[in-house]
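Each of the next two complexes has chain A plus one more chain, namely chain B in the first and chain C in the second.
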Partner chain A sequence: MGNSKSFFEFEAVVSSWDILLKGFAVAMFAATLATALAIILGLVVALMRLSTVAIYRWIAFAFTQFFRGVPLYVLLVWVYFGLAIAVNINLSAILAGVVTLALLNAGYLSETFRSGILAIDSGQIEAGLALGLSKQVVFKEIVLPQAFRIVIPPMGNQYVDAIKDSAILSIIGVPELMRESQQLANLYYQPFEFYTCAGLLYLIAVVLVSRGTNKLEKRFYTHSAQN
Partner chain B sequence: MNRTTESYIEIINLSKSFGSHKVLDNINLTVNRGEVVAIIGPSGSGKSTLLRCLNFLTRSESGEIKFQNRSWSLNSEGKRYKGKKYEKSLSELRSEVGMVFQNFNVFPHKTAVQNVELGLIKVRKMTKNSAREIAIKKLEQVGLGDKINQYPDKLSGGQKQRVAIARALALEPRVMLFDEVTSSLDPELVGGILEEIRRLANTGITMLVVTHEMGFAFQVAHRIVFMDSGKIVEVGTPDEIRNSQEPRTRAFLSAIL
Partner chain C sequence: MMSNSNYKFDWNVIEKYWPEILKGLIITIQISLAGMAFSILLGICLANGKLSNNLLIVRISSSITELFRSIPLFVLLFWIYYGFSLKFNFALTEFEAGVLALGITGGAYMAEVFRAGLLAVPIGQLEAAYAIGLSKMQSSMFIIFPQAIRIIIPPMVNIYIGLLKGATIVSVIGVSDMIYVARYVSLETFAPFELYSLVGIIFISLTLSISGFVYLLERKLGRSKVDG
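Up next is the complex of A and B:
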């Protein structure tokens, strides 16, 4: 190795801490914004999938298949470079990253939401309709709140995935945690230290998110056993 | 009892199939205003389906249902209603026809009082305050005055069914449909719910009650409809049905009573 230093020397990591934290913040920002957008988009796609209008169902089906089927890496390249070349839409790296992550996660979440909605006992819907409530009110007041409880855990998983997937945004130069770690690792010739540190930061984020979803789930679970 | 001879609900030539299985086979029945009609018969005879056709939770494929001479199945040209506008108009009918289910179907994410006030707010367009006032009153009437803020998972089966009854009654429907409402209850809770229905029967509201509680049916109903294999075999007063000479009715009653 021509280098006298031992494994795991963390001086460089400590002195670059602010850069790593900034990278971490960018990663969390991208993952969080993307997940939030994916929740909205995923719900719309799920509703289209459950629509009585055939064309909506087809569009939703194609959307889900496409964005679940294409690797994030490829999708990212298309959104960032492809859109610029093909239709002259030049997104900033961070925006392209957020859009890509949002589309990918919306593909997964649409299926999660669809199954959550379908899991609601038809008796619940009938009881609402029997009161004279419109289908829209039944959905908003009765189906959605109960489906939401069901999809909290998978939604938490999706957020966790988005946090880890955000590492791939490094390939288009988004200054997130992975990108910054790469550059620092190259600068100091200490890949092991920097990547380990990055890994720990992802891990901490994931543990915190899991705890958050657990709490949320408990809060909503308390009174929602069906009948 | 304020029974009248004014025909209130008319069921004309109603048929319904699930696949090749004919669940309702040319049903004809008229119910007068204020009348309490019990529908009895073996499991799978189509009793519940008939009830569900009345508020259009189940759609019959032929025949007609009229409330106060207004057809909810066929338009003035005799064609079957369909489409979005019709679906919307059904809400109007349903808000006048209360239904209580075998499985309670209370909303688990809402407290007792929220269950009851939902229809008042969303269907009757009441303010939150006046809806709550009525909801509390209705829950008190069914003996749940001390449970208004409980979630259903903290209530017994009987209490859930009372919430469901209060929820339907809050809208002051003209007709009540009871679909085997005691079948999911522990035996010791059945009596209390039957008592609620009996009280309601005395208020003069029009009721159709699908039930396996024969004693109750014969006590409370003005008329009894006996169904078998998707057909109405016989309709009569409790006395007439009790003394029926129709072999299927006799076989059913002797097996049960």
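Up next is the complex of A and C:
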């Protein structure tokens, strides 16, 4: 059918470049905001799991189990098409998407943070306490900075996962890269070209974030070596 | 907030439609299992490629692994089902496209698991196997593989959980899985909350029981034996 022209036709992709880039920006914004929220929430949940109060531990455990067990697509559909209709709240697609993504990632990150904190040698805490520092100061100044270094690589992985998962937000109509690609692919009837381009853009984002994480990790290690 | 909602909760729809939802679940499980089988095959090929003596094969396998791990499953699914099949006139059913997308993504993760598992078996085991006169084939089948499998199984089941969760998105290309059925039924009954809740609960119980199983398995197999 389209054999009169060349096999791959990327003119349409090039001419819609600004729309695609805008979609890409929305995807990155959603993934970044969701990861930032997930880091805060994940840390809170991790601390609750390490708490001496049993009820906090139970809530945190249930949170982690729930959000690690449920698929993003199922939760997204439940929140956006189920919950929002049932309790009659007007939820914007981007808000529903970011919150859902953040909750799922917080479930994973809380486990990461917990194991990072537990990995700190107890001698460090004992030494801090022996020096006369308060429990809070020991935690903030001794445990957290060391735990942070440990969790940089898994945190980077989680960010990468959030970027990849953000493509699913297209099903509730968030105007991110995949949504725009779908619409343009239908408009020009060139799914191969547009989805290839979308795949490449995600690939670039993922590779850049992984590189960045590696650099950050190395910098933290050399800093600690110098001390 | 609930008071000014016009939504009428009707939990009877669950009683009426759960057999259909369950039918959808079976399709989800089928697609994820088929995707897993594909992942294992691809993972074995890529892991062997990464451990090859030929530098070119190592490079190619590593690049393929990186590429497949970096493309979102959702994009891959659309690329295969709408893009690739149209461009190359390669007719695929929705089910086949779903299996391919899951298999490719899972395979890239499996490659790492297999590689780590094979590398974790001490080299002395292989040397000992050669020394008592076993062939290369025999030593990998009877000496290396049984030891590597202990290390491989727990992360493998975790990858399966990932694929099971990933398999939920195939409804977007029209596979009649659980979500597809729930959406379809909720158009008739207008009870999306109840139906999607049911889907969510089924899913969570499924993934939690599998990960509980992994936890027990990890304790039973215990890495200590291989680590020495």
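In this text, the second predicted complex is superposed on the first by the 215 of 227 C-alpha atoms of A that agree within 3 Å, B and C clash if a C-alpha of one lies under 4 Å from a C-alpha of the other, contacts with A are read in each partner's own complex, and residues count from 1 in each chain.
Heads up, the rule we're going with is that contacts are C-beta pairs under 8 Å (C-beta built on N, C-alpha and C of every residue); 3 or more make two chains touch, one makes a residue touch a chain.
As the structure is a prediction and not an experimental result, all values here were calculated from the model.
Three-chain overlay on chain A, with chain B and chain C fitting side by side and no clash.
Applying the stated contact rule after C-alpha superposition, one finds that A:149 touches chain B and leaves chain C untouched. In the superposed model, C is the one of chain B and chain C that contacts more residues of chain A. When the two complexes are overlaid on their common chain A, residue A:141 makes contact with chain B while staying clear of chain C.
Looking at the shared chain after the overlay, A:113 reaches neither chain B nor chain C. In the superposed model, A:130 makes contact with chain B only, not with chain C. Taking every C-alpha of chain B against every C-alpha of chain C after the fit on chain A, the minimum distance is 23 Å. For chain B in complex with chain A, the touching residues are 55, 57, 87-88, 91-99, 101, 103-109, 118-119, 122-123, 151-154, 160, 164, 167-168, 171.
Partner chain C is touched in their complex by these residues of chain A: 65-66, 68-75, 77-78, 81-83, 85-89, 160, 163-168, 170-171, 178, 181-182, 185, 191-196, 198-199, 202-203, 206-207. Contacts from chain C toward chain A in the complex involve residues 1-2, 4-7, 9, 66-67, 70-76, 78-79, 82-84, 86-87, 164-166, 168-169, 172, 179, 182-183, 186, 192-193, 195-197, 199-200, 203-204, 207-208, 211. For chain A in complex with chain B, the residues that touch the partner chain are 121, 123-124, 126-135, 137, 141-142, 145-146, 149, 222-227.
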